[in-house]
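Going by the order they are written in, the chains are A, B, C and D; count residues from 1 in each one.
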Amino acid sequence: MESLMEKSDYGALLKKIVERNMVYNKLGKVASYIPALARSNPEDIGISLWDVDGNIYSYGDYDKKFTIQSISKVVGLIIGLMDHGEDYIFNKLSVEATREAFDFVEGSLEKLDNPMTNAGAITICSLIKGDNSEEKLERVLSFTRKLCGNENIGINHKVFLSEKETGNKNKSIAYLLKSMGKIQGDLDEILDLYFKQCSIEVSARDLAHMGLIIANKGVNPETNEEIFPKALAKTIQAAMTIFGMYNESGKYFLDVGLPSKSGVGGGIMALVPNTMGIGVYSPALNERGNSIVGIEVLKDLSKELSLHLLG
Amino acid sequence: MESLMEKSDYGALLKKIVERNMVYNKLGKVASYIPALARSNPEDIGISLWDVDGNIYSYGDYDKKFTIQSISKVVGLIIGLMDHGEDYIFNKLSVEATREAFDFVEGSLEKLDNPMTNAGAITICSLIKGDNSEEKLERVLSFTRKLCGNENIGINHKVFLSEKETGNKNKSIAYLLKSMGKIQGDLDEILDLYFKQCSIEVSARDLAHMGLIIANKGVNPETNEEIFPKALAKTIQAAMTIFGMYNESGKYFLDVGLPSKSGVGGGIMALVPNTMGIGVYSPALNERGNSIVGIEVLKDLSKELSLHLLG
Amino acid sequence: MESLMEKSDYGALLKKIVERNMVYNKLGKVASYIPALARSNPEDIGISLWDVDGNIYSYGDYDKKFTIQSISKVVGLIIGLMDHGEDYIFNKLSVEATREAFDFVEGSLEKLDNPMTNAGAITICSLIKGDNSEEKLERVLSFTRKLCGNENIGINHKVFLSEKETGNKNKSIAYLLKSMGKIQGDLDEILDLYFKQCSIEVSARDLAHMGLIIANKGVNPETNEEIFPKALAKTIQAAMTIFGMYNESGKYFLDVGLPSKSGVGGGIMALVPNTMGIGVYSPALNERGNSIVGIEVLKDLSKELSLHLLG
Amino acid sequence: MESLMEKSDYGALLKKIVERNMVYNKLGKVASYIPALARSNPEDIGISLWDVDGNIYSYGDYDKKFTIQSISKVVGLIIGLMDHGEDYIFNKLSVEATREAFDFVEGSLEKLDNPMTNAGAITICSLIKGDNSEEKLERVLSFTRKLCGNENIGINHKVFLSEKETGNKNKSIAYLLKSMGKIQGDLDEILDLYFKQCSIEVSARDLAHMGLIIANKGVNPETNEEIFPKALAKTIQAAMTIFGMYNESGKYFLDVGLPSKSGVGGGIMALVPNTMGIGVYSPALNERGNSIVGIEVLKDLSKELSLHLLG
């Protein structure tokens, strides 16, 4: 990475970039399918950078909590890869871009379920090892805490209950997967795990740490603890690069060029391989379900610091 | 109807037509998704004609019991129309041909659910009036008994349990409908009703009587009892004509030209307006899910007796 | 047909029905993809009934000329059936309802091309016999004249040139059909024939006569001339019944219940088997491309004279 | 790039990797839709690496000529970007993954035409500047020659004529695009240009040079000539990364992780940003249309030299 400025200026840079892009929140809308999300403040904006040398640069509402939502798909993917290996997981799931769930003819289900879709993530939830559902959830939670470097991370139960109550489309996907033999087991348990993992509360700072661990190939640079095997890092980063931003992944790769994953809670977790993790929070979403200010901020940041994978 | 033969010869005609077409069962396969259906005998063949003057002509295994399956969609449609009226029902459901369930992009769900699809029939099950699920089931059963003129009709509980156990695709459809606001209420109850109505046991003779009542616009010609309002007859017959034979409805209308409904149990219920009902049973199915001998027999019968709606 | 009134009152009935339904033209729009159609007067309304006894009842602009458009698909189908027989034609084309052209995945082309779609009609144009394109066109024209009982019928060349010029979607369909081996030969010639047959000018009175010939199984009741073989009548009427009104065929069958074919020129040709032909012209179309007043008038007519196939 | 070996060993490495993977050609098939391609020798294998320091490493049939086919989409994209700028081009085309052409419902055409699909490439052909078709072709040819560093590059006219003759599906796509207002102008000319650019003959060595120029952001490292503006490099590399390998782009990115483009002629052009270009030729294709040995060779090469974008 050939940086255009001293790191000591990063704080000022974040402020400048955020201020320049805040106006875009007027063009988006906070998610409204459950009350807890609908009450988010579209003016909230927080960002954190956490690099491998232990430096943290933050601005705005970087400590504000919000639900992780689809960013948990990355957590699930890592656990799935650790539990079963790449061959098994990618034999189960597709590794190509998909259109919306349900937009398929029978026989072409492969298009439905890359690991960053709901179908793929629900399938992975069905595969997470554990003696019972408590143990499975505990594994997801404790793994998320390690990735975020934050022991206090927990579930927003109000959001979980709302997700569960309004989750008919996900139930439909789960039964479809079951009818095609893609998943086994108790669907209510599997979906509970899925809805709970989506309801984990994080901050932009937590996401920056998660990005950092994945950027650093599974090793916590502060403690040298191996959180996941180095060999998985490339696959995880690649899945984020290709599918991480819903149907906007192609455009986002052109503009930002970093492995990233977004959630409808308003978060984006991004990373610069071997270098740093980035967490952004701004809950006003564009029509693809991505944080509208978040994307603009990451575009600018990628440009200003020359972070694009393709230089 | 300009008949080509005396009614007294109908018995011999049925025998001749059946014998001529029995060979086609070699080209089909009995449904195998549940054990109870897989054990059907592909050599079984039964047919009954029941006319408005009270004459019955039958041949073969016309008294053998099998599950009604999708033919119950006609029963459900009539109850739905009686409970809510045409406007309400056809506001809820589509009235155009559909492709397979799930083959749609969001926004075009209208294509999914005409009353002869699983999605349409599940929606109707959610609308059947009754204080509780027992009462709703009792209404369906008692109405089926009246249509069939047979008080002994009941449910095959083994088939019901199998349908329920393997019914993940129908559960998926139900949750999708719920997620789109098409149905309300307890899905397990709604699906239980749906699976139970599919598991009602009938004979070819029962289906002939059902066809007769619909042909005679809701009135039992023997007792003059009005089983459903005359004004609904045209709609019911039209829905059968347009959608009754899955994705083979167009070809079937060209060849046979009668309002009909098939089920994967091997039954076909057909009718000649104002004249007679016809029930056929032969469990070997073609790839569209229709009784292969059943269709051939009805083609011949339509030709020999000049029954085609278009003359 | 159990009529509710004396035939002597038919003229008054037509007037009453038209006046009652004229207001619906406000809800529709004339076709605008070519200037000649865009200049149609949405207030125009004409209707003719022509029965097998030679009686004609007409009202309004029943002599006004407009282009036949998709109603020519029926003409093409009859010629195709005469030239090649049913087996050949329905081996080539589908006999099930379709969605829009191009809405298919490869391998399911069968869904594209029933004889009442553009794909099906273009395929049939490629099959019409003749030593050269002039002869093929002459056969189509002369056959249309016989069906309409009108020697003066010809092509609107302005419309033809516009259709040809704006016909890129039809060219796209033709090349797709060719790429899949469905059609052979010079596509420009085939498409010219297709665009020309769509540009034939007729009146509501002409369409009533066409309906009469098809209703009377190919025989002109005035002259006893056999215009097409009796054996084809059922197939032609069936194709009209199932597919004749674009994506509104199901709803139309419920409401009107007569073999019919519409065109975006504003015409509808309908028929009562063995009894009469009906032609309607009113160029304001609904979103499905059908004459909006035309459908309302036919609904009322079917009800008042009890014309529905299902009684 | 942290290389695992001395460059002096690259020649031996290429030999070893090729020998290890040659067996895979048994699992593939050469393209057969035109005779010229069908006559390719599935045992052919050639590879070249060309780095920014001017070193070339080659093995096998690296000088054998074959048609560039879809790799020309990259050439077209660059010219399009130079002629019209990014905003104009990506306003015209999609930047998300697509399914097969024609697998769409109207209104969602955006899914059809990213710059690496036939629809996208045909659209770009319609936009290439030039006073007449000769000039446009000359621009494409001369630009290809510069990219390949080879003045002798020309068109295989036999292949061009075959492509044109069998190109009905592409014609269908072109007319569809025209009908939707996506392209203007004479389609025959546009398609001729498209078929001609697909019929340009190159070698693996030529493709390695093309990759080198794109890797080096448009500058020929030998002559310092700017072949295209530096600012376009990221976009071109990104489009190759996301869409370059047909429906196998996601899996390929996981496994190889380099901007690449394949063609059904058997070529793959890949690149390591700022470092080197790679050309591979092996005409046996997998079911996605990609060189089967080519992909295996690139997988090994990426691993052995640690070339993956994600480290």
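Heads up, the rule we're going with is that a contact is a pair of C-beta atoms (placed from the backbone, for glycine too) under 8 Å apart; a residue touches a chain by one contact, two chains touch by 3 or more.
As the structure is a prediction and not an experimental result, all values here were calculated from the model.
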item: Most widely separated chain from chain A, with each centre as the mean of CA atoms; value: C
item: Relative orientation of copies chain A and chain D, as a Cα rotation angle in degrees, nearest 5; value: 180
item: Gap in Å, rounded to a whole number, between the CA centres of chain C and chain B; value: 33
item: Centre-of-Cα separation between chain D and chain C, whole angstrom; value: 49
item: Centre-to-centre distance between chain C and chain A (centres being mean Cα positions), rounded to whole Å; value: 56
item: Contacts with 2+ other chains: residues of chain D; value: 99, 105
item: Complex contact set, residues of chain A against chain B; value: 99-100, 102-106, 168-169, 171-176, 178-179
item: Chain A residues within the chain D interface of the complex; value: 90, 94-97, 99, 111, 114, 217, 233-235, 237-239, 241-243, 247-251, 253-254, 257, 259, 273-274, 308-311
